[in-house]
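Next, two complexes with chain A in common: one pairs it with chain B, the other with chain C.
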Partner chain A sequence: MLSYLIRRVAALIPILIGVTLLAFIVSHALPGDPARQYAGINASDAQVEAIRERLGLDRSLPQQYCIYMIGDTCAGGSGKGGLLRGDLGDSIRTGFSVAEDVGARLPATLELVAAGMLFALVVALPLGVWAAVRKGKLLDKFCRFISTLGVAVPDFWLAMILLLVFFIVLQWLPGPVGRLPIGATLPDGPTGLYLVDTLVAGDWATFWSAVKHLLLPMVAIGFPAVAPILRLTRNATLSVLNSDYIAFGRAAGLRGAPLYLKYVLRNALPGAVTMTGLIAGYMIGGAVLVERVFSWPGVGQYGYNSLINTDYPAIQAYVLLSAVTYTVAFLIVDLVQSVIDPRVRLK
Partner chain B sequence: MSALLEVRGLEVGIGGLPILRGVDMEVRPGEILGVVGETGAGKSMTARSVLDLLPAAATVDFASCTFAGQDFIPPKARQEARGHRIGFVPQRPRGSLNPVFRVGNQLSATLRRLRDMGRREAKDEALGLLRSVRITDPERVYRSFPHELSGGMCQRVCIAIALAGEPDLIIADEPTTGLDVTIQAEILRLLGELITERNAAGMLITHDLGVVADVCDRVAVMYAGRVVNLGTTTEIYREALHPYANRLVSIATSLDSGGTPREIPGRVPNPGDRLAACAFAPRCFRAGPGCFDAEPPRIDRGGQIAFCHHPVNAGEVPR
Partner chain C sequence: MTTRRYDARLVIGLVMFGFMVAVAVFAPVIARNDPLAIDMGNQFLPPSADHWFGTARLGFDVFSRVVYAARHDLLIAVSAVVLSIAIGHPIGLLVGYVGGWGDSVTMRFLDVIQAFPALVLAIGVLAALGQGVRNLILVIGIVGVPTFVRLVRAEVRSLREHAYVEAGRAVGNSRSKILVRYIAPGTVGTVVTQAAVSCGWAILLAAALGFIGLGVPLPEPEWGAMIAEGIPEMRRGGSWWIPVFPGVAIAITVFSLSLIGESVADLVEPTRRKSR
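Entry: the complex of A and B
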């Protein structure tokens, strides 16, 4: 198991190096000149050139990539910086180190994506099993409707509709002001996940407030994921229900909830797990728009702002983060798969 | 002797197609009834009807059905009998065990469910059951997953699960299909012994007449959704009244003695085909005009029951 993990992680390295190269090329191919943007509208050409030189943007592209990856040794420096030393570089836009910027925003996105994923699973798994058991009945048709809706409705639009209904009309939930009310004291905890930090601190008022702020973004980002998981679970459950071992289980007196929850769901799960991994990676991308609608201070917004400001190091870090999320999600999927199904051997 | 399981006038249809067209059979206490017939004759359907295990699309109708005197027509009665009063041995043992749980867990979960046992007690009993189905290293098998065991081993585990609820009747649905020929006989003999040991009754569904001769007390021969011939194994083997059963036996015996069997011309009708009054008439060597027009009468002769216009008379058909 441990050697499997080591080999899997080692196999990630070439993939991630490829991703950095791609992210580098694509971000530099973007229209826009970061030096000019950084200098401001009124800067003279000489000032812009000076900034360009300071940012190292006057060098050739291969040299820039080399500096990004290996550090200033490439430019005859003393061996500082570079991705391989764990340095993501400094943001052109904010001036801070990209690692710090991303680190400060990552918990917000993680909390959002985890909540969205949880929402999707809690809705989709039981509903999928139930729809299969009641195939062709009203509930099954309702689930098909939900699935179609989930595919057809974009998350940012759903986000706005949710705000319209629950904030403006019903006034049940807070508006798009981020994770907590404006001016609230931010919880100071080790994880940066507000729900966890406030729980640990026993700060119930802030916890409840954070929950209320999380609800709408959670549904907005989670709902589109309900459809594929629901459909997959339903179809997997149908084929499990027709299997010999379910027939034999029934013949041996197995009925009701134990049959469906233990026997059926466990066997129907693998497909849904794979889909969940895929979606978790996708959600990081989906977070961009949902975070914008809810002023959620996460990496999605950061990535968006970096992109429109041609902030090369930040864009590259954002792309790299997405790639890492995907690959880690797949690794987790494979591990979970081997736990669910003993026939899956990790080699 | 009053029957343990008595089925009268069982009719099953799927999507409007008649699959079973009035099946009558009974299993008496302590006996093993063999149910034989070609694929599609309705053997498995009959067994599954008794356990209410038919696909949701099937319609089931009994004229009467009783188990140890209890009315078995309400589906609930049949569902509650599963495992407790009727044990079931499946057709494809390996696919019939849940692939994600250890077989020991499946067996002891069955014991806890059917006999209200505690964890510890269920495990001990499970190991005992595995030993009783002649598994020599029960501890290892207990910890194994189905895919780690051979088909024969899986079938022993399935038999153990079928026995777990101490049922009065064990229905085995072609229990040796898909097993190596070398262990088929072994499994069947085991099944026969276990049924006898436990004073239970058995219903053995198979298309192998050789098997029936070894294990069964009585035989029901099915054709196109009906029982056409029913009698003691000895009688059916000596001289089956129904031409179809008669031919089946002669094929089986000539195969056993290394001869060339005389095949039955034609093929089994599909459900929904237009049938003559006697479904076998188009293939029958004794068929006369009446066979196509009138329902065959019930013949009760020498310990056999047959439904035929022209039953085979003793010594009439050359072997």
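Entry: the complex of A and C
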């Protein structure tokens, strides 16, 4: 197991280096001049040049990449900064360190994605088991329809429909203003996850408000994930149902909920959890569209705004974060599977 | 297992997709107005006999725009998938058959590309290249390449062990002839299946890029951009028809493509049918 783990992590290193290189190339290929943008419209050419020099943008691209990766050792400095020392650089747009900026927005995205995946699991798991049990019946067909439709509906459009129904027409839930009403005091907690922080502080009113703001984005993020999880659970359940140990369980007199919950679902679960992990890994960076619809102050929006403002360090950090969460999700899923099914390790 | 001549899903999928293609092709006949015609006196009208899907800002006729947008979205999606296949299929054949260091290098390269969520990569590259239909096709096509390389490569690696391929080798065919005449035809089925699925996925990606403002430049009609435009109008004046109908068009198109993809997958790979 340990050697498998080491092999897998070692295989990640060249991929991650490639990822930083690609992120660097893409961000530096963007049209627009960050030095001029930073200097403002009225800046003289000399001022722009001074800023360019200060940001290190006057150096050659390979040198800039080297500085980005291993710090100012590349430029003959004393050895400060650089990605390998955990320094993502400073944002050109906000002036803060990128790590701080991203750190401030990450909990919003995490809360959204976690809630969305929870929603997807709660809907897809029971439905998947049920559809398998009622294979070929109306319910099974309905689930097939839902899962085919689920992949066909864009998440940002679903987000809009939810807003239309629950905010504009029914007025049950708040509009797209982010995580809390505009002007609300933000909960001050250690995690930055509003649901957790308000719960710990016992602030029920804010907790409830945060829940109401989270509901619609949660469904919009989670719904597209229902289809693959549902399908996977159904097929896994089917194969479990045909197995000898379920036949034995039936022969031994097990019926109904205990049989399905304890024996069937447990064996169909790993596949579903795997799929959820992969989708969650994707969503950390990919939630940008739903975040935009709901003005959700997450990393997706931050990445997009950085992109528009050619803020190199911030774009690189966003792209890197997306790629790393996605890759690490894959790794974790592989490891979990190798624990469940040791044959995986041999491949 | 029942033996049916044809699959209802395939028929429904083909009819629905055929309908959307017909809408795109005959857009000038079907649309009742010029999609770019400005009519300031008739802004934000709800659906009516005159304007089936209502009107938007500047008096744009939403129905005509949804119809004309089919041209952009289908053209982008289909061209992008053709591009993905044109690049991905030969590479997959080659690295799958030849193997060796070329295979390893290619796969590591694909690992890097696929480490990015497709949407994030597409947003970045498109922002660097600039807006426009040609760049959209290029970006969506390239983002789709790794899927086809992996698919074809896996297929080739299993096909090359088959007895008929060995027989072909035994009677003295050259390696290139084995690849082209014996192995390549066996990969077509999976590629066609994936093409249908990828096409739906390409439409979603094109719409997502349009939604974020990096797609077909305004005021040209495009489904994703129309939804983006419509959301503020919907919040301001309740004109739900502006963003709702383009989304329905996306859903119908992608839904039909998934139906086609699923049923073709069952045709190509009959063992899949058992689990239905």
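The rule is simple: the second predicted complex is superposed on the first by the 310 of 347 C-alpha atoms of A that agree within 3 Å, B and C clash if a C-alpha of one lies under 4 Å from a C-alpha of the other, contacts with A are read in each partner's own complex, and residues count from 1 in each chain.
Rule of thumb we're sticking to: a residue touches a chain if its C-beta (ideal position, glycine included) is under 8 Å from a C-beta of that chain, and two chains touch if they have at least 3 such contacts.
The model shown is predicted, which means the values in this text are computed figures rather than measured ones.
Superimposing the complexes on chain A yields a three-chain arrangement in which chain B and chain C fit side by side. In the superposition on chain A, A:267 makes contact with chain B only, not with chain C. Legend: residue contacts after superposition of the two complexes on their common chain; A:248 is shown touching chain B, with no touch to chain C.
Put simply, more of the residues of chain A are touched by C, taking chain B and chain C as the two choices.
Angle at chain A between chain B and chain C, computed from CA centres in the superposed arrangement: 80 degrees, to the nearest 10. Of the two partner chains placed around the shared chain by superposition, chain C is the only one that A:304 touches, whereas chain B remains out of contact.
By the touch criterion defined above, A:27 lies against chain C but remains apart from chain B after alignment on the C-alpha atoms of chain A.
Once the two complexes are laid over each other on the shared chain, residue contacts for A:183 go to neither chain B nor chain C. After superposing the two complexes on chain A, the shortest C-alpha to C-alpha distance between chain B and chain C comes to 9 Å.
Interface residues of chain A, counted against chain C in their complex, comprise 14-16, 18-19, 22-23, 26-27, 29-31, 136, 148-149, 151-154, 156-157, 160-161, 163-164, 168, 175-176, 235, 238-239, 282, 285-286, 288-289, 292-293, 303-304, 307-308, 315, 318-319, 322-323, 326-327. Contact residues of chain B toward chain A in the complex are 51, 53, 79, 82-84, 87-88, 90-92, 95-101, 110, 113-114, 145, 147, 158, 161-162, 164-165. For chain A in complex with chain B, the touching residues are 243-245, 247-255, 258, 263, 266-267, 340-343. For chain C in complex with chain A, the residues that touch the partner chain are 108-109, 111-113, 115-117, 119-121, 123-125, 127-130, 200, 204, 207-208, 211-212, 224, 227, 230-231, 234-235, 238, 240, 243-244, 246-247, 250-255, 257-259, 262, 275-276.
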